[in-house]
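Structures given as structure tokens follow.
You will see two complexes here that share chain A, one where it goes with chain B and one where it goes with chain C.
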Partner chain A sequence: MKILIPLKQVPDSTVRVKVAPDGTSVVTEGITWSISPYDEYAIEMALERKDADPSTVVAVVTVGPERSRDALRQALAMGCDEASLVRAEGAAPLAVARALAKVVAEAKPDLVLCGKQASDDDQGFVGPALAELLGWPHVATITKVVPAEGAVELWREVEGGHEVWKAPLPALATVHKSEKEPRYPSLPGIMKAKKKDIPERPLDALGVDVAAPTWTVVSMEPPPARGGGKILRDGDAKQIAERLATALRDEAKVL
Partner chain B sequence: MIAPTGGGIITGLYAGAAPLLLILTFLGFGAFFLRAWRLYRYMRLGRDEARIDHPWRRVRDELVVYLGQRKLLKRPYYVRGLAHAFIFWGFIVITIGTVDLLVDGIIGFHLPGAGNAVFAWTIDIFAVLVLASIAIALVRRVFFPPPRMHVALDGYVILGMIAILMITLLLFEGAGLAAGNLEKGFTPPPIAGAILRSFVFPGESSAVVFFWSWWTHVVTVLAFAAYLPQSKHLHIVTTLPNVFFRKQTPRGALGLIKDIENQETFGAASIRDFSWKQLLDGYTCTECGRCSDNCPALATGKLLDPQKIVLDIRDQLLRDGPKLLGDAKAETTPPAHYLESKPEELWACTTCAACVEACPVTIEHIDKIVDMRRHLTLMEGSAPPEAQRAMTNIERAGNPWGEPRETRGDWATDLGVPTFAEKPDAEYLYFVGCAASVDRRNQKVARALVKVLRTAGVSFAILASEETCNGDPARRIGNEYLWQMQAQRNIDTFKKYGVRKVIASCPHCFNTIANEYPQLGGNYEVIHALQLVDRLISEGKLKVGRGTAEAVAYHDPCYLGRHNGIYNQPRAVLDAIPGVQRVEIEPHNRERGFCCGAGGGRMWMEENVGQRVNHRRIEQLLAINSGATKVASGCPFCLIMLEEGVGAKGVQDQIRPVDVLELVAGRIEN
Partner chain C sequence: MKTLVVAERKGTELRRVTLELAAKARELGDATVVEIAGERYSPLPFVSALAQRVESEKPDLVLLGATLNGRDLGARLAARLGRAYAADVTDLRAAGNALEISKPMYAGKVRAKLRLGLPAVVSVRPGAISLKEGAAAPEVTKIEADGSAEKLTFVKLAATATTAKRVSLSEARVVVSGGRGLKGPENWHLVEQLADALGGAVGASRAVTDAGWRPNEEQVGQTGKTVTPDLYVALGISGAIQHLAGMTSSKVIVAVNKDPDADIFKIADYGVVADVFEFVPAFTEAVKKVRAS
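For the complex of A and B:
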């Protein structure tokens, strides 16, 4: 089976995001970038398949600027077999999905795994859009994939249990979580990934129009600074609870 | 040695025996050397490692540790240690006598001085001391076997042989005297003399007693030589090189993987991945169990047992050695990637060095454990998931907590602590470390240190967001690559600002920067905050006022104490605080201090087997019943662990964990 994972490079979750002076973007200067966490889960899920069946081929692709090569290297270091880069600066989600549709058409994977959403913009758009463009079945927020004859079983977590869906191949799923935490790359893996060739091509080479904006960002604002907390200390549990209820009603106005 | 040169009968018996003696000697020592040669060849299956730096320190160690038996005479092992020392010293003296006896018996030549009274007396006295010590050892084995010691037949065989040697020695010395082997003016040694007087071997019978005791002695010596290399008592021989080739680099420094980007394999996955010295350690283990007695992981029910780590390697070497020698590449038999030690054992180690400290024959446990961890982490990527998270956080955020890199210096903004960029001529860099930078509890300690340094007029600056994790947790988890990246990053920053002197309030930062950064060319004068405070107080630059009178227990951080020998300065600081009465957590203090459970990257791993190490530490603290209301340490990780421990035990109102720096800062005027 061949699995393709479109991944996005995002500001690392440890970065304290700041709004840029233009008021419509964030400061990206000097920050740490990493693979979006749900994409990491997708990689781990695919690699777990590869562990079980070494004939599995796992490929990754990203649509992004030069720096997103690092994310591809990271994926290779974790154990992915192939990586390719589609060069683009600030491509809109629909343009990304269109570009990916071309990549999929060439690479002919049996299964495409996207993250359920990217941790920067949280739109959850690209996965379903790509499935739509390809005309493939789409299953959202999966936690496990099990191959079945000519098809895959895709597990989803729901309140109090899980559902198992079956999709004919080829199919696309978006990943919520893998069974294990995304693996830490081995050092030989890192070294091999450093030497591996990552082919790249510009977005327009795929015949995709970057400049077809479907929306624009009007403004970005940081959340208001939080005031200091309040500690209710004196009195027994009942009294504290009463004062808490009062505060929630009168001060926070949430009750 | 009293030589039967005078009496006619004895000489006759003796002279005819020379060829037989020669053959027996040849067989006994032949068997010894044959086996020793095999063991040597197995040992050389290990990888190369140079261990010849600091030759004079090595000679000194040989005198102190081997001849002086220094590492045996330690709390709580004084009596057994002394018994062992007497057996050992007696053994040395008597070996000289034995060599003389064999040489004389075969070629009729005495070692210089061997015939005189001093020598006879020395041997005589030591023979008795050895017998007494053997009695102690036997009583101990039979009636009070120590929990971790492997009491096996082997031990009895060896003790029995030594006892036979001593008894026959005294007998033939006595009989020899009776037969008239006294030189002129020779005062008979006390015991042989007493035998001489009490048994009174007249004429023929003294010769018969001499004959049989002498031959029994000689045959036992040779049997001993033949048996020794099959036995754990080979340590009599192997301790000599093992002490000589012990690590002379600082105990707290792990070995560097050189040219890491161009290596193909990392760490130890098979017997051949250990160095010859690590294999020699296996031959040298006496199975005494002292390491295990002191291991906090074993004591709290983890699978790890440091003695087993050493013995598994030895047993595997002895088992697979023949196959490996037969097949130089040994790719297939035995499996190239196979070691007895299970990951669960290896991950339980806190690298506290209690084992290394306790081992009488200078075995280095931690390096083996970390080498095996290196394989798991670097080759297999199979470190525990929480440890992987910590490493990812170090990579991405520069601290294992994963707090934003840019906020590292935030604790100091309201204090107006300058960064090196703002104050390039600062004398000291205060390397804050991750814990004091991002952990709320430990930020208070950093603030306390700032107050102390300012009061004493010390010129210092910090690096704020330009500082990054020193790499210690990564290195001890086995991730040498990440350690090198972190270390290099800091070294580059230090270079940029011309940093020469470093203050660390964290013993892990202290140890890594002082002992490990030199491996990458970073040489600084590094001082732990408590060492500096001790100096400032004794130089009169810092005056500590009186606060509430209180009893404070001192908890030794492993990376200050055992790893760096800093036991006294933190205590001196406590003693210099008026009103503070220092309490020792006996017997688990100083070099026997019990780990808090956070070292070796354990801070970042789950601990769900057995009791938590920090909870045991709190129990020890409560057991001394000292009325201490605080427990002070000098390590942010100890502080976190102690805080968690008192909370879990519900004693946070009786005893409060603090850093010594907080006690000092609380008693100085602003």
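For the complex of A and C:
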């Protein structure tokens, strides 16, 4: 089975993202970039399939700027077999999906796994959009994939449990979590990844329509600062508990 | 502006977010509410039915709840129709021949105001639009899911027994979450009893779901659920930046932690430096007493 994972490089989740002085973008200088967390889960899920069946081929691709090469290198170091870069700056989401559809048509994977959303714009658009452009079925927010004859069983987390869906191949799923935490690259993995070629081409070279609806940023700001809260101290647990419950009713008016 | 709202139900009741969307749609102008009737949500039959409706009615805006299914349906619908799309929006208003929307980005670390061209598809975060008490339930038109578009086969529902009876985490007005300070899954009755006393949902930090103490679906934070309840109670949670990203927009935050330097206290409206095992039972009793009086 061949599994393709489109990934996105985003500010690492530990970065305290700051709004830039222009007020319409965020500071990107000097920050740490990583594979978007849900894409990491998708990679881990694919690598777990490869652990179970070594004939599995796991490929990653990204549509993004040159710096995204580091995220692809990271995926190779985790154990992915192939990586390629479609170089683009600020492409509209639908144009990204079209570029990925072209990559899928060339690479012919059996299964495409996307993170359920990237942690920068939190849109969750590209996965379902890619399935739509390919005319494939998709299952969203899965936590498990189980191969079945010419198909896969996809476990989808819903309120109160999991729905299990059977999808004929080729199919696409967006990933909410893998069974295990994403693995760290091993030292041999890092050495091997260094030697691998990551082919690159500009978005223009794919011949896809890049005109697509997008948004314009009016402003960006940090969330309203919180703080100035009260610490309740005096008295024993019972007294503090009663003062807190009363404050929640009379002061905060949430009880 | 002409708006089509996609309704969602939990059991037999319309979800609260549907009422919120209907109220917002009325504020924007002409509003229609449709519900897609099918045994269970599946992208292709739902997108097919909804796309047909949108093409015949030509609304400027399609509004969905930013729920598990709403977000998925909205994304695929927007791709099918080539419409502009924004997910998990917290506010929207008409601005000339476009929409001005507010949307958290970078897992809530940034609030963006964006201009989105029409026609558009937008999913709105549950609880983000305030609903007047006693707002009339909207009139809902049912449309059938297009079963002929289905390519998937439903196999089964594997239920997790723990949470079915409580309100859904992302729509709850009160959320009580437990962290590593609870020391083990055997102590979760403390979290549950407080949640029940408050009529709320139960959440957990990532450390807790990663350790397998609680199911993944209860995780609040960057790789879990984002919640915006009126009251968020964090028990034994230190307040890692990824957790804060999932709950920092809550109206009122209460934190109980025995470490006075825990980051959670920096964003809490009410903090109690105490051992959860001692404080939580007392607080549960106090809540019951205050609610009964």
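Some points to look at:
The rule is short, and it goes like this: the second predicted complex is superposed on the first by the 229 of 255 C-alpha atoms of A that agree within 3 Å, B and C clash if a C-alpha of one lies under 4 Å from a C-alpha of the other, contacts with A are read in each partner's own complex, and residues count from 1 in each chain.
Convention: a residue touches a chain if its C-beta (ideal position, glycine included) is under 8 Å from a C-beta of that chain, and two chains touch if they have at least 3 such contacts.
This structure is a prediction, so every number in the text was calculated from the model and none was measured.
Of the two partner chains placed around the shared chain by superposition, chain B is the only one that A:Asp12 touches, whereas chain C remains out of contact.
By the touch criterion defined above, A:Thr32 lies against chain B but remains apart from chain C after alignment on the C-alpha atoms of chain A. By the document's definition of touching, of the two partners only chain B reaches A:Tyr184; chain C does not. When the two structures are aligned on the shared chain, A:Ile198 is found in touch with neither chain B nor chain C. In the superposition on chain A, contact of A:Val57 is made with neither chain B nor chain C. Contacts of A:Leu244 after superposition on the shared chain: chain C is touched, whereas chain B is not.
Taking chain A as the reference, the larger set of touched residues comes from C, when chain B and chain C are compared.
Shared contact residues of chain A with chain B and chain C: 13-14, 16, 181.
Touching chain B in their complex are the following residues of chain A: 12-16, 32, 34, 180-181, 183-191.
The touching residues of chain A, when paired with chain C in their complex, are 11, 13-14, 16-17, 19, 26, 37-38, 41, 93-94, 97, 117, 119-125, 127-129, 131-133, 136-141, 143, 153, 155, 157-168, 174, 176-177, 181, 212-223, 226-227, 229-233, 237-238, 240-242, 244-249, 252, 254-255. Touching chain A in their complex are the following residues of chain C: 10, 40, 42-44, 47, 68, 71-72, 75-76, 78-80, 82-88, 100-101, 103-117, 120, 150-160, 163-164, 168, 174, 198, 210, 216-217, 222-223, 230-231, 241-242, 248-249, 251-254, 260, 265-274, 278-279, 282-283, 285-287, 289-291. Residue ranges on chain B touching chain A, taken from their complex, read 260-261, 264-266, 377-381, 383, 385, 388-389, 391-393, 396-397, 402-407, 481.
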